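Both complexes shown next keep subunit A, but they swap its partner, so subunit B is in the first and subunit C is in the second.
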Partner chain A sequence: MTTVIIRTMTRILTPAILVFGSYIILHGHLTPGGGFQGGAVFASGLALLIIAFSRKRVKEMFEKVPLSVFESIGALGFLGIGLMGIVMYTFLRNFIANSGAPFGMPTPEGINPGFLNTGGTLPYLNIFVGLKVLAGLTSIVLILFLILRREENE
Partner chain B sequence: MRKLLGIIALTVFSIILFLTAVHLRSFGSPPHAEMDKYFIEHAQKEASANNVVTSVVFDYRGFDTLGEATVLFTAVSGVLMALRHYGGRKK
Partner chain C sequence: MMNTDVFFYLIQVFIGITLIASAIVAIRFRNLIAAVIAMAVFSLALSLEFFILQAPDVAIAEAGVGAGLTTAMYLLAIRNTTDEEEVAE
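Presenting the complex of A and B:
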């Protein structure tokens, strides 16, 4: 099993990695990155959590987490926003941009520091894709861990 | 015979790739720049986002991103399908 050093460093580093992943997802329309990249960072934090602790702890931690529900919410939310665009004009039309709804403020043209409350549908799609990617990658790592460590521990 | 085929394939592909590399346009002067110019000039107004890459990926070409997300879904279901059998047999 892993050493005390790895477990302690995981306890310290995992919250920072998860916060950084959430930041990349939420600021996808302002800074480099987006749903895919942020979801991958978030999932790597959870993967660190998975490989650092024993099989029993991991099972306890992830038993209550509905990863498949997250994945479905991500896919259906993406499709739902795309279909709402059909009502307005075309599939995946950015119908929230410049409309004043949440995330719908207009961006000043040219160089600006970046405002979180802009982007139209982009932040919503980033959040949904990020949810989908983090659930998918985490469930792959979790499946590999739980199934391939089976004979070791039981 | 296999080695000969391999050497022939290596030579042909190397020549093709080398010719392509020689005939590349110089950096920064693409043959068609209309679409790039459109994205750079209109993305801030139309998609209202500072990050033009994100507005291309999620707005102008959102359908492609939907396909990418589907690829991830397929990967997850493939891993589950392949390994569930393995895990069940070991029980």
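Presenting the complex of A and C:
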């Protein structure tokens, strides 16, 4: 259905797009963008993959990927981080900041270039939101692709 | 040596022209795939405008959802039907 040009460009571009989406999610507390934006970029890379290849290849690629499980993990993880904060003081309290845990380094004062290992619960929330958004948007495109009947007959 | 304000003003004028032109073209095209590509160009120009107006967050969301995902969905929907619009009698 698609041409060699589209398939070759997809092979070259998709890893770069996926890395860029992961970068936006992971640096959500430092640079513009966050969970939703990074998840949307990641999902558009996967949508490129879905459009470029044939029905058989897409089925092979996405058969092992539990998208609905990813979406549930995203929602439940966000809620879990929020409820862990309620144990300390209140809902969504930033209990990881300055504690030394991963993403818990004390933030230096004054002008600094921005350190990835800071932010407390915010990077975790960004990761969960990104997981949910990329699973949801990818499954929309995937379902729209799999209900196609025309290619099956050819 | 060009002043930065003049430079951004000129870019904004260019983006405005691109937005109007791509929107008109998206309506006028008979080939639906060409119309969808014109919609993607519209989203891309709009995200550049958001970036110049210092809203990079909105620009990334517009580029990802507007130019990437909706284009993919339109292409899949068109692939399921025909890509030529029927002329109304």
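Miscellaneous remarks
Please note the rule applied: the second predicted complex is superposed on the first by the 148 of 154 C-alpha atoms of A that agree within 3 Å, B and C clash if a C-alpha of one lies under 4 Å from a C-alpha of the other, contacts with A are read in each partner's own complex, and residues count from 1 in each chain.
In the analysis below, a residue touches a chain if its C-beta (ideal position, glycine included) is under 8 Å from a C-beta of that chain, and two chains touch if they have at least 3 such contacts.
Small disclaimer: the values here were computed from a predicted structure and weren't measured.
With subunit A as the common reference for superposition, the partners subunit B and subunit C occupy compatible, non-clashing space. In the superposed model, more residues of subunit A are touched by B than by the other of subunit B and subunit C.
In the superposed pair of complexes, A:A47 makes contact with subunit C only, with no contact to subunit B.
In the superposed pair of complexes, A:L131 makes contact with neither subunit B nor subunit C.
By the touch criterion defined above, A:G114 lies against subunit B but remains apart from subunit C after alignment on the C-alpha atoms of chain A. When the shared chain is aligned, subunit B comes close enough to touch A:N98, but subunit C does not.
In the overlay built on the shared chain, the residue A:H29 is in contact with subunit B alone; subunit C does not reach it.
When the two structures are aligned on the shared chain, A:F145 is found in touch with subunit C, with no touch to subunit B. Taking all C-alpha atoms of subunit B against all those of subunit C in the superposed arrangement, the shortest distance found is 9 Å.
Note: residues 32, 34, 36, 137, 140, 144, 147-148, 150-151 of subunit A belong to the subunit B contact set and to the subunit C contact set alike, using the contact criterion stated above. Within the complex formed with subunit A, the residues of subunit B that make contact are 44-51, 53-55, 57-59, 62-63, 65-66, 68-70, 72-73, 75-76, 79-80, 83-84, 86-87, 90-91.
Per the touch definition, subunit A reaches subunit B in the complex via residues 28-32, 34-36, 71, 74-75, 78-79, 82, 91-92, 94, 97-98, 104-107, 109-110, 112, 114, 118-122, 125-126, 129, 132-133, 136-137, 139-140, 143-144, 146-148, 150-151. Across the complex, subunit C is touched by residues 1, 24, 32-34, 36-37, 40-41, 43-44, 47-48, 50-51, 137, 140-141, 144-145, 147-151 of subunit A. Touching subunit A in their complex are the following residues of subunit C: 56-57, 59-61, 63-65, 67-69, 72-73, 75-77, 79-80.
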